[in-house]
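Here chain A shows up in two complexes: once beside chain B, once beside chain C.
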Partner chain A sequence: MANKVTDQKSVLVDLTKCVGCGSCTVACKLWNSQSFENPQTGVMENAHGTDVKLDSNTWTTVEHLKVQKDGQEVWRFVKRQCMHCLEPACSSVCFAHAFHQTEQGAVQYDPELCVGCRYCMIACPFDVPKYEWEKVMPSVMKCQFCSSKLADGESPACASVCPTNALMFGSREEMLALAHKTIESDNKYINHVYGEKEVGGTSWLYISDVDFGELGFPTNLPEKSIPKNVHGFTQFTLPIFAVGALAWTGASIYAKRRHAVAHEEHKNEK
Partner chain B sequence: MEKHKNLENKGMSRRRFLSVMAGAGVVGAAATMTGCAPVSDPSGTGWLPNQYRNASAMPAQVKGRVPLDPENVSLVRNDEKCILCGQCIEACEKVQSVFGYYELPVHDDFICVHCGQCSLWCPTGAIAERSAIEDVWNAIQDPETTVIVQTSPATRVGIGEEFGMGAGAWAEGQMVTALRQLGFDVVVDTNFSADLTIMEEGSELVERVTKGGVLPQLTSCCPGWVKFVEYYYPELIPNLSSARSPMMMHGSTLKTYNAKKLGITDPKKIVNVAIMPCLAKKFEISRHQFHGLEGGAGKYYEDDTINDMDYVLSVRELANMIRQKLGDVDFASFEEGQYDQIGSTAGLIFGNTGGVMEAAVRSAYYLITGNNPPTSLYHLEPVRGLDGIKRASVDVPGVGPVKVVVASGLANARQLCEEIKSGKADFHFLEVMACPGGCIAGGGQPRTAVPPQDWVRQARTDTMYNRDAVGTIKGTAAGEGAGQDDVKTMDLRLSHANPQITEIYNEFLEAPLSHLAHELCHTTYEDRSGSLTRKEV
Partner chain C sequence: MKNWTFKTPKERWNFRVTPVRLGMLAVFVFSLVLIFARYYAGLGEWTGLNDEMPWGLWIGADMNVIALAGAGFSTAIITHIFHVEKYEPVSRRCLLLSFIGYVLVLLILIIEIGRWDNFWRPFVSPGIHSPMFEVYMCIVAYMVLQVIELVEVGAEKVSPKFKKKMHPIMQVVFIAACTVPLGHQASLGSLYLAMPAKLDPIWASQMMPWLFLLSAFFVGPCVAIVEYIWTNSRYKMKIDTEMLYGLSRISAVLMAVYFVLKGADLVMRGQLGNVFAFNLEGNMFILEMVLLCVVPIIIHLIPFGKTQGGLLVFGLSGMCGLVLTRLNVVFTGMSAHIGSLGGGYFPSFMEIVSTIGLFCLAFLAYLYITENFPFFYGVPGDSDKKVDVETENEFNQAIM
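Take a look at the complex of A and B:
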């Protein structure tokens, strides 16, 4: 049974504080025992740099971006990982129920239950889940928000190692309050907490001094969660199936009965 | 009909099989859909250092690691070896005051002075020098080129450690022999160009002191320190001596003066390699001020393809090259080879913190008074030792007391920069070495305990000063090749008394601070403060 989220945790990413050291990407690999090998090419790669992508071995990256700010080129480093939506689309599309939310709000993926249909990959508004294309029995892979660490009261691996406190960990209310306080205290920030409202809100929150669109964040997302958006028609899925099954069963019984009667009549005619 | 019945009894009909499978599928799907199926825990079970096993709100003393440009010319990092122990950041912030001394967000640079202390503190060897070994092998194997190698003062008390000789073992002769066996065509000593630096930088100091120039004068031998000033104290750039570092003076004079002496008509066929205890030297040779028409040799020949220096190898890289070529050798028992050029022991002690100052004082005394210094100046105790900041005052007849300060470790240098900025500095000359202890403990020296220990620094320093106390130098005349018989042995503790220094000025450079000396032995600096917003301390 899915847990009820009773203790929603968050990480607040202050993009102005990131120096691009990549500690978080190394912590993720250490804690999750993942190789630095690019699963497609077999080449050893760092998970931070100018051209980095999430893959089945790499659940978080820090992308080095050169963007324009006030007519000047500036560097910004953007950490990417699963946003851990409050109402995750991946979970809602998964008919195998391979996604669960933990009490701390981690959207946990269970490869044991996954049938490999990749609906979640299509559903995710942040393009996060990655497929193990290289395997015979592939799973989908993504950041688990270090769910076992969170359950033990620890912060996720990445947030615990950040030397500049660009990653802050706490309850979602605390982090939201901190985000707004930070934005108000310094006019360099854009007045937008990314993840506060996007697709119904996410566990991971970002603040920045550069427009989120320029930093590769999808900016056209609805405030309504994706599961809610499609709930209008997906809610009929089960009833439709049930009615269909009933109708089919009925038709089958009717057809069988008719066949038996016809057979009997045929016999009698003989 | 009978036959058909038999078949059915034997096993399962196709229809029955399909319905069983469908039933199992429906039950399974129903179980997962309702969430009844068992959940496995996919969360990480790996390892993280203990300081991270808590909530991030809890303070940890050491956290994360230094930001390092993947394109850094001096340093590379292998993420697979990184255990996030936090030692690199400790060295960078606490010892060197580089990380953490700029406001965030960053501008457009990974702030790094290339000192390489992080590579000495890194317990797993994840941070290492960017290797130039392949390039140097290629140069050596090219029959067209003359590969000239120079060795920095501090290399000879480091290299032995790589071959089990003990901390600070003197291995100058063995190193020269090894360099010749590796195939370097000419082996020269950076002690010589250290002497040249004393002549230029000392003359500059005398001029500033006697003619009222910008004071205090800051030494410019250490490329890590120079970049530190360019980043954090651009207002002190006029204080920096315009003299190049010894390595760079050597680079330009080797391709001009020595090329002629060696009978090399095409300077493009010379490849200058330096063995350095330093990783910032790898950055230094990449400075545009030393390339092509902006550089010394390039300008001299009006050829923008000539750079003053070509490759820098750390002491660790040299040890690797020796192992690659000569295998498992008994380095300690190598015959003691001799350089093709002579440097004084004043040049030798450049490798210690305070050494440049002591060598400069010896020769500045001569430049001002015309007499050699009194014996007390051959052992300037207050500027010796491993203290981070050392102050001394030297009485020079005709000038009065000259106040000198020596700092090593950039956090110490930062204090003095603040002192100068606030107008409280009353000294004339400041020597700074980025690495604590000076070049003998440079980022390119053999790795020792982690973090580097003072007893190792002290052992290396002692060897250097003991050698200076003996002051005996052996060498052959510059550019006349190895293996010749005219070995000169002399007591040489003064840079200005080096006969080959007299020779280079007589035959080529004319005089210290001459026009040609300016082009080949001096340089310019650039304001890098736009790369960061300095945090006020």
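Take a look at the complex of A and C:
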């Protein structure tokens, strides 16, 4: 079950090329057989537009944002989906091991194992996993990086339909190289490949000509991965038990002995 | 001196019914109806939980109950490890209080989790890197140990012979039961190490697990003091304020340690400015520290701290402070992030009533168990100890 990631794939999103058509969101719904209904309200909704959110039915959105650039108002279109972290928080915090990575680095969720504690939702640095709140037996829902397509050497559904080549698919090294080459070739780009270092790196990478903070990306993420941060404490688990048990045993024996001695002295005084 | 065996209560079993108890039962039954509705229609329909705020009142309640149930753990360390005999009257009740607390936690969790039918999965598919896994395993292990300890107490009344048979293993059980909670009390703090960029920096520190462990430990005596004063005055039993003052000293010293550690943590991470920023997070943090450390320590240092009223305020302040530390992490510290997602949360009627209902159940369980089993006295059968016959009689009259 625990595959080693041997063939890490990536998608490089060039936000300057995205025109906000939403083809990727439709391809996602079709490939994953999801309806366009909002799970809470039951109303049919597009997954691209000005006020769109990921939900259990919608694994990717394209958000239309009006932002400031060089003193002018401009539109930018931001595709959102699971970032497929190289060291995923969701997977490391899941106490039922319901998440695992495929050889291509797709972070997979197995509803069979899920207990529904929702720790993955709150731990995800990008707030990606969503819940089927309306269901009696709910599961967590998120982009699966079209893992079966990736395993067959194909690109994910969204990237395969992008009409403007805003979504480029390949190995992570290739995509990182391409990202840096693109940034160097044109000075309109911000010199930052989002996802290269954030929380230890992600499979999805973004380049942009507008500050990532303005586009709704979390910009306060540490470079240290979430699992490593948690491990900063959990590494002490077994030592704590060992030291605790030894200390209590020692203290108990010592205290008993001291009581016995005190008792003895008390008797002698009489 | 004749060996004293436990005689109270005089009737073998006692199930007193009072209007208050009936009321609590009614609230519990009503909450059961709502809980069934949640199982029938799902979490979305009946709770205020949502994608932006997937953890709410129930998780907040659980974090608090586990920490307050640390009373069993810290008083056990004092009496069963360090063998400070004068505190034995409180450690046994705290064991029960703590066990009932953990049962309450599991009951709340089984409503809270989405796939309650999968509760056993972590045992066969363990996510060993998750702090939640450690919390779960430790709580289950601890409850098994607590059951053994409680069987020993029950056997005292039902079958003293069996209690004697258990004697050889008890010291090992006590040591194990004092070790296991180190795991889950600390892990509860490490749950939030996974949200370094979401939790407000006042709380988001690598020190969190250690601070959670320390605070759960020193709030134990606070719970013990409040419970002891409340129960003993209710049943007209003697209140040994000198003993309680000794207990409060253990707490007060560790509170001072906590205060210094948390202060050093804030200074080292350069977060002291945020504390005095006069915003929601800063103010709530100051309130938390005042209730958890400052007020109890001051009370302990003045003569008022030796009186029954002073001890009660000491205990209550510490408990309220602890509740705030946990709620501040679950709610206050996360609120800015939730807001930035355009989300919000307020517990639904069902969440509130089910929580109150289950607390009522826990309360009733505590009343009936203590009125039927030997929890309120020192260790019986021990020839070194005398029992206060007068108190014993008063106890019988009070519960009749």
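Simple rule for what comes next: the second predicted complex is superposed on the first by the 235 of 270 C-alpha atoms of A that agree within 3 Å, B and C clash if a C-alpha of one lies under 4 Å from a C-alpha of the other, contacts with A are read in each partner's own complex, and residues count from 1 in each chain.
The definition used in the following text is that contacts are C-beta pairs under 8 Å (C-beta built on N, C-alpha and C of every residue); 3 or more make two chains touch, one makes a residue touch a chain.
Here the structure is a predicted model, which is why all the values come from computation and not from measurement.
Of the two partner chains, chain B is the only one that A:Met44 touches; chain C does not reach it. Of the two partner chains, chain B is the only one that A:Cys162 touches; chain C does not reach it. Once the two complexes are laid over each other on the shared chain, residue contacts for A:Leu215 go to neither chain B nor chain C. Of the two partner chains, neither chain B nor chain C is touched by A:Leu12. When both complexes are overlaid on chain A, the residue A:Leu113 reaches chain B and chain C alike.
Touch criterion met: A:His231 reaches chain C, while chain B stays clear of it. Touch criterion met: A:Ala96 reaches chain B and chain C at once. Shared-chain residue A:Cys85: touches no atom of chain B or chain C. Within chain A, the residues touched by chain B in the first complex and by chain C in the second are 95-97, 113. On chain A, the positions that touch chain B within their shared complex are 1-2, 15-23, 25-27, 29-33, 36, 44, 46-47, 49, 66, 73-76, 95-97, 100, 106, 108-113, 144, 146-149, 153-155, 157, 159-164, 167-170, 209. Those residues of chain B whose C-beta lies close enough to touch chain A in the complex are 29, 32-33, 35-48, 52-57, 60, 63-68, 70, 79-80, 82-84, 86, 89, 104-110. Here chain C touches chain A in the complex through residues 39-45, 49-52, 54-55, 77, 80-85, 112-119, 121-122, 125-127, 129-134, 136, 171, 174-176, 178-180, 182-183, 186-187, 189-191, 193-198, 206, 209, 334, 341, going by the rule given at the top.
Residue ranges on chain A touching chain C, taken from their complex, read 40, 53-55, 89, 92-98, 113-119, 121-123, 125, 127, 130-139, 218, 220-222, 226-227, 229-234, 237, 240-241, 244-245, 248-249, 251-252, 255-256, 259.
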